[in-house]
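Dropping the structures in below, format is structure tokens.
After this come two complexes, each holding chain A, first together with chain B and then together with chain C.
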Partner chain A sequence: MKSWTFASRFQLPSLTPVLATLGLCIVAIVAVLAPALAPFNPNLQDISQRLLPPLAPGHLLGTDQLGRDILSRLIYGSRISLTVGFVSVALGSSIGTLLGLCAGYFGGLVDDIIRWLMNVFLAFPFILLVITVVAGFGSSAVQLVVILGLVSWTDYAKVLRAEVLSVRERDFVTAARSTGATNRVLMFRHILPNAISPLIVLGSFDAARLIIVAAALDFLGLGVPANIPSWGSMLSDGRAYMQVAWWLATIPGIAIMLIVICLNVLGDWLRDRTDPRSRAVE
Partner chain B sequence: MSTNPADVEKPSPDRNVLVVKNLSIVGRGKNGQVALVDQVSFSLRAGETIGVVGESGSGKTMTALAMMRLLPPNVSISAGQILVESEGAVVDLVSASTRTMRKIRGKVLAMIFQDPMTSLNPVLRVGRQILDSLRAHQPKRMSGAREAVLNLMSRVNIPVPAERVRSFPHQFSGGMRQRIMIAMGVANSPSLLIADEPTTALDVTVQAQILALLREITSSSRTATVLITHNLGIVAQQCSRVIVMYVGRIVEEGPVSEIFQRPQHPYTYLLLRAMPRLDSRRGEYLANIPGTPPSPATRLTGCRFFDRCPYRIERCQREEPPLTQVGAGHSARCWVMMENSGSMTQPR
Partner chain C sequence: MILFLARRLFEAIAVLIGISLVVFVISRLSGDPAALMLPPEASDEDFAQLRHEMGLDQSLYVQYLTFASKAIHGDFGESIRNFVPATQLVVERLPATLLLACGALCIALTIAFPAGIVAGLNRGSIIDRTVMTFCVIGQGVPVFWSSLLLILFFSVHLHVLPTSGYGRLENLIMPASALGIYTAARLSRLVRSGVIEVASQDYVRAAHAKGLAVRDVVQNYVLRNALLPIVTVIGLDFAALLGGAVITETIFAWPGVGRLTVESITRRDFPVVQASVIMLAATYVVINFLVDIIYRFIDPRIKLR
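Right, the complex of A and B next:
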């Protein structure tokens, strides 16, 4: 037991989550201001300047096999990574929240149908789904985001359903029901706000996971089209030149690693904050 | 509202706001069905306060939850009727649809729960919660909502409502939260208020304030009240009639003065004797009733109080006594009493 002091009450979070948040903010600013920050057009080719190493004059991070400026491509590539990370998570968590809430609240047949649907999505091979969609509709950034959102909702639904099952039995829900509250009010005003905190944690980890998945899809050529610079496709292109130009694959790899670490650190911190069991004894 | 002609046939006599007839509640457990409440009947007139007393497990809370149709999932009403008047028609709550129940909760019946610490949503401001319960039975666009909320808050004696309206539940004490619960309960002026041990979780001085508030609010609006408690002192001060329950059965019911002066059932008598008194001598032990109530799961043939009754006779084990009238509105369920021709002589 620690005695109550001003300092303990308003303790600043430790340094790592602050750094992680700062890192993510920088990436977000870079993505938004990409046209202003990038020194070159990311698709501008200059064969005479190909495979320049980092710190070459004019090209801070060097150039790739077609003479495109790697820094500019990295800056533009952050757009795809962030979009995939956040829009897919938003999409997946919205679907998952709605279905998980319904499953947990109504139970019975609704629950059975939603859980059946979850099992279908979990059982379906993800890569096969992507190949099918890309084969059928071609590839675009929008499609990538939608697919990732559609396959990630199950985790949210599972976690929220379990949480709703416990929250709906709490006294204040019964009390609200006794005043004549409708299902909609009970679900969205009383149960959801009290059940949602694990999803925030899940979302931060999921964003990291989806960024890696998106990079992997780019690497396999199933992601965004080639004219849009992305970290995954940079990695894939650079692979062929590993022995002559190590920086082609290394630089986007480091970028992916850093953003994923930032998200995971943030997720860890959020989990410790919201889960009373893992909170240190105060 | 009710389209079932069987319901409409039964008019509520003498302006009864609530008639409970032969209500039985069963719980489904591992070993089959267990009768939690067995053929309970009572009625309530406008403005009347009835006390329901009994030990834990006597079925008093289950009776209250059944009236709100908020029984836990593994507990259900197996028989009986709960008749209330809603929008000019008599509705049987046992057979009412979910939709009808939604309209009745808060509007015709309202409930105040035992623990105000857990009965308010921790993430919503109290003003919002009062407004929500108000709006559950009002048109979508409600004018003067803020005034109505402030009004309710001052009716339940919350100081400076205009400031407290934006507070969160954790910023309130237990007594204040129970006031908020009462404000939510009476927001739509229900004709019946069910208070399930409303002061058990509060300390004694706050108890008195909350009970005074309940009295004031229900008497000014002629709201009938079912007050569930295990505190006979509260019954004496708050109620006009009292029902004593024991293991799912009504064992005695009658006007408060009758019950307190001439208790006819040994259980009631022993309960009254177990109450701490101001005039008891220092060092004197408080009387108690030896033993514990039987589990509702055990099937009993005779009187349910047989095991613990100091006055038991042989007949008590064989058959269960019927609820017999012993005075004006006073009835009890005891063979000994009946064999003494309707009057219990209390042995010391």
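Right, the complex of A and C next:
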């Protein structure tokens, strides 16, 4: 039995969440300012300059098999990853919130139907479900972002439903109800604000998951169209040149890994902050 | 008990029906299957005839019932490319997917249990910190990238493992590791939190207080109780590995169901896509159902609802 010590409170030094937030802010700034920051047009081909290794003159991270500047493609590629991370998560969490709130609040048949839907969507291997839908409906960048949002609502609904089940029994809800508050007011003004904090944590982890899935789709050639630079398609290009140019596949992978780690670290930290019980355990 | 089983069985069947509905809706919304099968120069009569043969001229409701009743018998139609029953194609690929999932799970368990237990028992120590850092990194590395790195290192540079292929143990090592490392990172964290949670329970304190050796307490009190809930997670992780190996299978040219699905999607061979997606989802439902029941048998504290 170990005593509770100050050191054991933190699984990682407390500097890490700060670094993670900083990292995400930098990526966001880079994505927004991409045209100003990128030294080259990301699709500009120059066969005479192909497969230059990193630190080559003029090309800090080298060039790919078509002579395109990797740094510029990396900078532009952050745009699609961030869009997926924010827009798809916003969409998925909104749907999940609405359904989870209804399931937990109304109970009964509504709950049964929503739980059934949830179990159905959870049964599909997530990446296969996304691939199937994307293959069926095509994948412009907009479609991809919407599809990822539409199929990723289940975890939000599941967590919120459980939370609502406990919050709706609390005294302040009963008090509000006794003053004649309508269902809508009870659900959105009294229950939702008190049940939503686990979703923020989930959103952070989910953004990481969706960024990986989007990159995986690009990697398989089923993601955004080829004229939009993305980290997944850069990886997939690099795969064919692994024997001669290791940096093609390595650099975009590091970018994906860093953004995913930042999001996961942030999620861990948020969970520790919002759920004291998990802090005792984690 | 009977009531519990009946309820779970009913839920599982409801979910299976839902799965078939989702796949059916996706397949109908995404375009006319007849248009995919005929050459572009086919006449309108050919088109109408094929639609009639395929039952596409009937109401959606009838179409779904036909689809579902065939699906129950494992009949998803013939592959548009190979003219072999789609189910047969999927079943042929199942052993490879199972082998890969088992290999990955073995690697994950071999890493996760020792790492999670040691970290949990020595919370806050340098070992704990190291394990947790590796977990954060392990969960952050996308499997398709770690696969490429493994190939780059072991095949391109060291020439010790084949880049792809199937049939020998060397072929299994890299894909199973790429998948296993990610699962190991997730599982170690769960094992660790389980151990920490149980170690602070009153009955563990009581065991320490009555003077049992630390070793006995850890073995008989902490681990037995901490690892019980992990059983559920392992079951679900296994199911996730079965369906989640799409990318790994593609990279290592592993002849599993995931790769078959991706190939079929690029060839627009929808009967095969439907068969594999439905069969993988159904496997998940069955494993989930079994895990649920097993768990309730091995942990008598869980109330039967």
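Keep in mind that, in the parts below, the second predicted complex is superposed on the first by the 251 of 282 C-alpha atoms of A that agree within 3 Å, B and C clash if a C-alpha of one lies under 4 Å from a C-alpha of the other, contacts with A are read in each partner's own complex, and residues count from 1 in each chain.
Methods note: contacts are C-beta pairs under 8 Å (C-beta built on N, C-alpha and C of every residue); 3 or more make two chains touch, one makes a residue touch a chain.
This one's a predicted model, so the numbers in the text were calculated from it and none came from an experiment.
Judged by the touch definition given at the top, the superposed model places A:Ser178 against chain B, while chain C stays out of reach.
Contacts of A:Ala36 after superposition: neither chain B nor chain C is touched.
When the two structures are aligned on the shared chain, A:Trp116 is found in touch with chain C, with no touch to chain B. Within the superposed three-chain model, A:Val260 lies in touch with chain C and out of touch with chain B [touch as defined at top]. Legend: residue contacts after superposition of the two complexes on their common chain; A:His190 is shown touching chain B, with no touch to chain C. Annotation for chain A, partner touching more residues between chain B and chain C: C. Shared-chain residue A:Ile47: touches no atom of chain B or chain C.
In the superposition on chain A, no residue of chain A contacts both chain B and chain C. The residues of chain B lying in touch with chain A in their complex are 68, 70, 102-107, 110-111, 113, 115, 118-124, 129, 132-133, 136-137, 181, 184-185, 187-188.
By the touch criterion given at the top, residues 170-172, 174-182, 185, 189-190, 193-194 of chain A touch chain B in their complex.
Taken together, the chain C residues at the contact with chain A in this complex read 11, 14-15, 18-19, 21-23, 26-27, 29-31, 123-124, 128-129, 132-133, 136-137, 139-142, 144-145, 148-149, 151-152, 156, 189, 193, 196-197, 199-200, 204-205, 208, 240, 242-244, 246-247, 250-251, 258, 261-262, 265-266, 268, 273, 276-277, 280-282, 284-285, 288. Every residue of chain A that touches chain C in the complex is listed here, in rising order: 1-2, 5, 7-8, 11-12, 116-117, 119-129, 131-133, 135-137, 208, 212, 215-216, 219-222, 235, 238-239, 242-243, 246, 249-250, 253, 256-258, 260-261, 264-265, 268, 278, 280-282.
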